[in-house]
Amino acid sequence: MLEVDCLEVAYGSIRALHRVSLRVDAGGICTLVGANGAGKTTTLRAISGLQRVSSGSVRFCGENITNLPPHEIVARGLLHVPEGRMIFTNLTVLENLRMGAYLRKDKSFIEKDFDFMFELFPRLREREKQVAGTLSGGEQQMLAIARALMGRPKLLMLDEPSLGIAPLLVRAIFEKIVEVNRELGLTVLLVEQNAHLALEVSSYGYVLETGNVLFQDRADVLRANPRVQEAYLGA
Amino acid sequence: MKSKISLLIAVLFFGWLSFCFSGHREASWPLPQFDGYLLSILILIGINIVSAVSLNLVNGHTGQFSLGHAGFMAVGAYGSAWITLIHGKEILSLMGVFVSMPAECLFLIALLFGGLFAAVTGLIVGIPSLRLRGDYLAIVTLGFGEIIRVILQNSDALGGARGLAGIASYTTLGWTFGVAALAIYVVGTLVNSTYGRGFLAVRDDEIAAEAMGINTTKYKVVAFAVGAFFSGLAGGLYAHFIGYINPEGFNFLKSVDVVVIVILGGMGSTAGVTVAAVVLTLLNELLRQTEQYRMIVFALLLIVLMILRPQGLIADFGRLLPWRRRA
Amino acid sequence: MNEFLQQLINGISLGSVYALIALGYTMVYGVLRFINFAHGDVFMIGAFSAMFGHSLIKRSGLVMPDWLVALVVLTLSMVVGALLGTLIEKLAYKPLRERPRLTVLITAIGVSLLLEYVGQLVFGAAPRGFPSLIESKSLGGFGSLQLSSVQITVVLVSGGLLMGLRAIVMRTRMGLSMRALSLNPTAAALMGVNTNVVISFTFGLGSALAAAGGVFYASLYQAIDPFMGVLPGMKAFIAAVLGGIGVLPGAALGGVLLGVLETLVVGYSKVLGIPSGFRDAVAFLILILILLFKPTGLLGKAHREKV
Amino acid sequence: MEEASVKLLELTDVTIRFGGLVAVSGLTFHVNPGELVGLIGPNGAGKTTVFNIITGVCPPTSGSIVFSGVSVGGQRPYQITARGISRTFQNIRLFSSLSIFDNVRTAFNLHLKNGFFGSVWRGGSFRTEEAEVRREALELLEIFGLAAYADLPCRSLSYGDQRRLEIVRALATRPKLLLLDEPAAGMNATEKLELMKLIQFTKERFGLSVLLVEHDMKVVMGICERIAVIEYGRKIAEGTPAQIQKDAKVIAAYLGEEASDARS
């Protein structure tokens, strides 16, 4: 579904990504793990058009989307929940969801999808009219995911959904991600520092280090890989 | 080291110029006699060098974009004219007994008074506004400049909107280029020292500068005061060159004139700004017949420059000099 | 008391013009975080378009009721303003999207000077009389209180435009994307918002309001010149800062407040012991005080720099 | 009295709020002279905020900060640097328009005797001082292997070297305590090994204490003598690397719940 080929990104003279290649197959959950500064976020930003790619290509559903502006990539069904959630703090929860459906024309279905989101995340229904900035970190993350789902994506990219969220909620959010993946058949590309949890829910994984893909394998194989454990536990 | 050599050459050159013209409005040997028009252009060039080099310390080296430069020039112009015009006779009669060149001494006192008064104004404006950054600072300094103008307009003792006329023509090429040499020397040496690199550090990254032990507020205030002092001197030179000043002559557009020179020369480049002062003063003269086109040209210059070459046209001028070329 | 009410009315009518211009500053600041220095000159162009539009209609021999002429002229100048605003954005500011804000500010000063001096070249430097679009008559009758039809119309129509703007921003899809963009441009782009289109629209809308402000200002003072936008432009910017830059109701509040304060200072200059010549300094003094003591403005919120 | 003089830096019950958000709450911890302490925690736990509190960038809402027996809470960053705390930044903050040499030279500002008038007058004492600064700056650059590039613009350095230059610049302020904010970010395995050596070398060579914020466990566990773990702005554990690796709370919060059974 998503094919990234030899992606290179440079900030000024500093190269952030060196020829990163990865594939995400339809229907699965794929994880990118790696330390801070390894280039995970940059990879997602390059895929969704937020960051200019200096060489290499990104293909989505067979179509070349390299260096297209973000709104055209969104229009093709690739949605990105960015690091730090980036919800619209001064808009209400409902308005945030409405923004998620920005490009959709099917008005009646949008209303139905609001209900679906509120079923998926009941906490959001309680806060429908509230300004999103007043939500807790976990609720904001749920809102960010729900907002992206409102765009009816084919592929959802999640950047660090556990960032700054209490462990109990992290569990809950990961369960939702799995639920969405199973129920809607939605493909997910996940970036996560909590490698164990992320690999537990995923089918396939990539380990990034300083802008390079270090390993790639089935998630359960990666979990058993001593070098992955070492990187995360420092043992 | 090499930049110090070019600085020294510049200072020597202007010093020599000022020596040639000391005490007279006309040139003496070894320069040819200038006619009045050429002379006045040269003096205007010198005054513009002073005000642009001093504004560059604030806007370029320290990165604090000020749009109120004309206000400080006004303070210097009015301050010095107030001395020569209103208290001139008293001071002259006091000095006449002691010194052989009373007029020059009077002018020196007047210039210094204007400059110091402008510096104090700079401190008053600077200390509160330097908590602000970027475009906010620009607007507040513009506001202070306008307030200075409005105060002058409404002070009857200084002629109100009519201004002051009949100011003695003390400004000579010697004085002008003497002050220009001083401004270039002070700004040049300042930023070429460990202490002075602090100005550039403040411009590059204020938070990192503070973390490296630099009192950023103090640096900004010093830049403001020194910049205001020299623009005050420029104002004093201007007043005693034209002989007539009014508040309208120091409006926002006057500030823009100087800003254009600094931007064209390249913010933070003393050599570039000096050259730009010469070029733009000449351009000004060329376009004087077609005054209505002059500002259009300047405006287009600003826009095109910002889009294509924001570092200025002549910023790297110094590197073109043979002794500064690097392998 | 009557005199105070009179000053208040004068202040509110002037203030509603400031409010219209201030909205443009605030909207542009909201989406692009820079001060569009040329905004006051769009205001000037708006006034000139109204003047030419008016004479065009008169010369064409079309018979229209006065209110319709006024409406057509106002609409025309707003359209011209909107086109000019989007054009300026496309040519001068768009190439600088990723550059430091100061670069954009300097460009904006350049654009402002360009409009003023091209205006001077085309229209001449001397002030021209502005036609009365609506019959100017006194609606007095409350003792010595003078209410002119022009003042009332200006206040009412400005109020209407403010309501219209509020409706666009709060109720339409475009308004939603404008708000989203000003809160977080990255997230807006990730929702599928074409940021270039929204930015152009914001410039157009703000500039149309400035043009309308120009028509009203000219109607109040009945004279226009190429530099008429400089001071009202700066004052409107100050109004935007006073109300909290980036906050729409703040701009409206700041505009009216500034208009009233300024008029009161002039009206009571003798009592206060300040020469009326300080009228223009009042606004700058307010700016300096507000930036020093409450830099976020009356209705604004604080931003923090990330280290 | 006796105890206070033993600890170099001591934070007591430090809390900071931004608006409604409590970023750091009731944090108490210390650094002893000559110690290398690590500060770890998940992303967004408030580690960089702790640095910003210590260096005066964000003054704490409540609590006390004592450095070398003097309370430094509420002082401006440059004053705190003058007392002997220097730092690097998570996202490198060099003076981008200055050369490598000038970046280091600028950090000597604090100790200059010649100010404005000295720089303009350029008398004997000024020239002696400039020569001294030059010598010391080059010496520092020499130690870190950057002297050969001294005149190049700092932007021309590689990422790892820019981080190194930031450390050199911080050392030029002659600190007693060096704060390093994620020095290993963006480095590969070899560079990280070099960095670890560099930090230990720097600490010994200049007799410093070091407080290190770092994500890379290998680096932290490898060189720190003591580690404090924070989560949601609270300290949840403190101890030697070995203790921290066994701490159930840390494993749950930081390494992921499944970490305990994945290790074997």
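The letters A, B, C and D name the chains in turn, as written, and every chain counts its residues from 1.
Rule of thumb we're sticking to: a residue touches a chain if its C-beta (ideal position, glycine included) is under 8 Å from a C-beta of that chain, and two chains touch if they have at least 3 such contacts.
Only a predicted model underlies this, so the values are computations on that prediction, with no experimental measurement involved.
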(Q) Farthest chain from chain C, going by mean C-alpha coordinates, please. (A) D
Q | Pair exhibiting more inter-chain C-beta contacts, A-D or B-D | A | B-D
Q: Averaged over CA atoms, how far is the centre of chain C from the centre of chain D? Could you give it in whole Å?
A: 49
Q) What whole-number Å value describes the gap between the mean CA coordinates of chain A and chain B? A) 56
**Q.** Centre distance in Å when chain A and chain D are each reduced to the mean of their C-alpha atoms
**A.** 33
Q) Using the average of all C-alpha atoms in each chain as its centre, how far is it in Å between chain B and chain D? A) 42
Q.
At least two partner chains per residue is the criterion; list those residues in chain D.
A. 57, 89
(Q) Quick check: what residues of chain A touch more than one other chain, meaning two or more? (A) none
Q | Where chain B touches two or more other chains at once, by residue number | A | 207
**Q.** In the complex with chain C, residue positions of chain A that touch it
**A.** 48-50, 69-71, 74-75, 79-82, 86-91, 95, 98-100, 102-103, 147-148, 151
**Q.** Complex contacts: residues of chain A adjacent to chain D
**A.** 12-14, 16, 35-38, 160, 162-164, 166-167, 171, 193-197, 200, 209-210, 212, 223, 229-235
Q) Okay, in this complex, where on chain B does chain C touch? A) 65, 128-129, 131-132, 134-136, 138-140, 142-144, 146-147, 150-151, 153-154, 207, 252, 256, 259, 263, 292-293, 295-296, 298-303, 306-307, 310
Q. Given the complex with chain D, which residues does chain B contribute to the contact?
A. 185-186, 189-190, 193-198, 200-201, 203-205, 207-216, 222, 226, 268
Q) Of all residues in chain D, which touch chain A in the complex? A) 42-45, 155-156, 158-159, 182, 184-189, 191, 215-218, 220-222, 232, 241, 245, 252-253, 255-259, 262-263
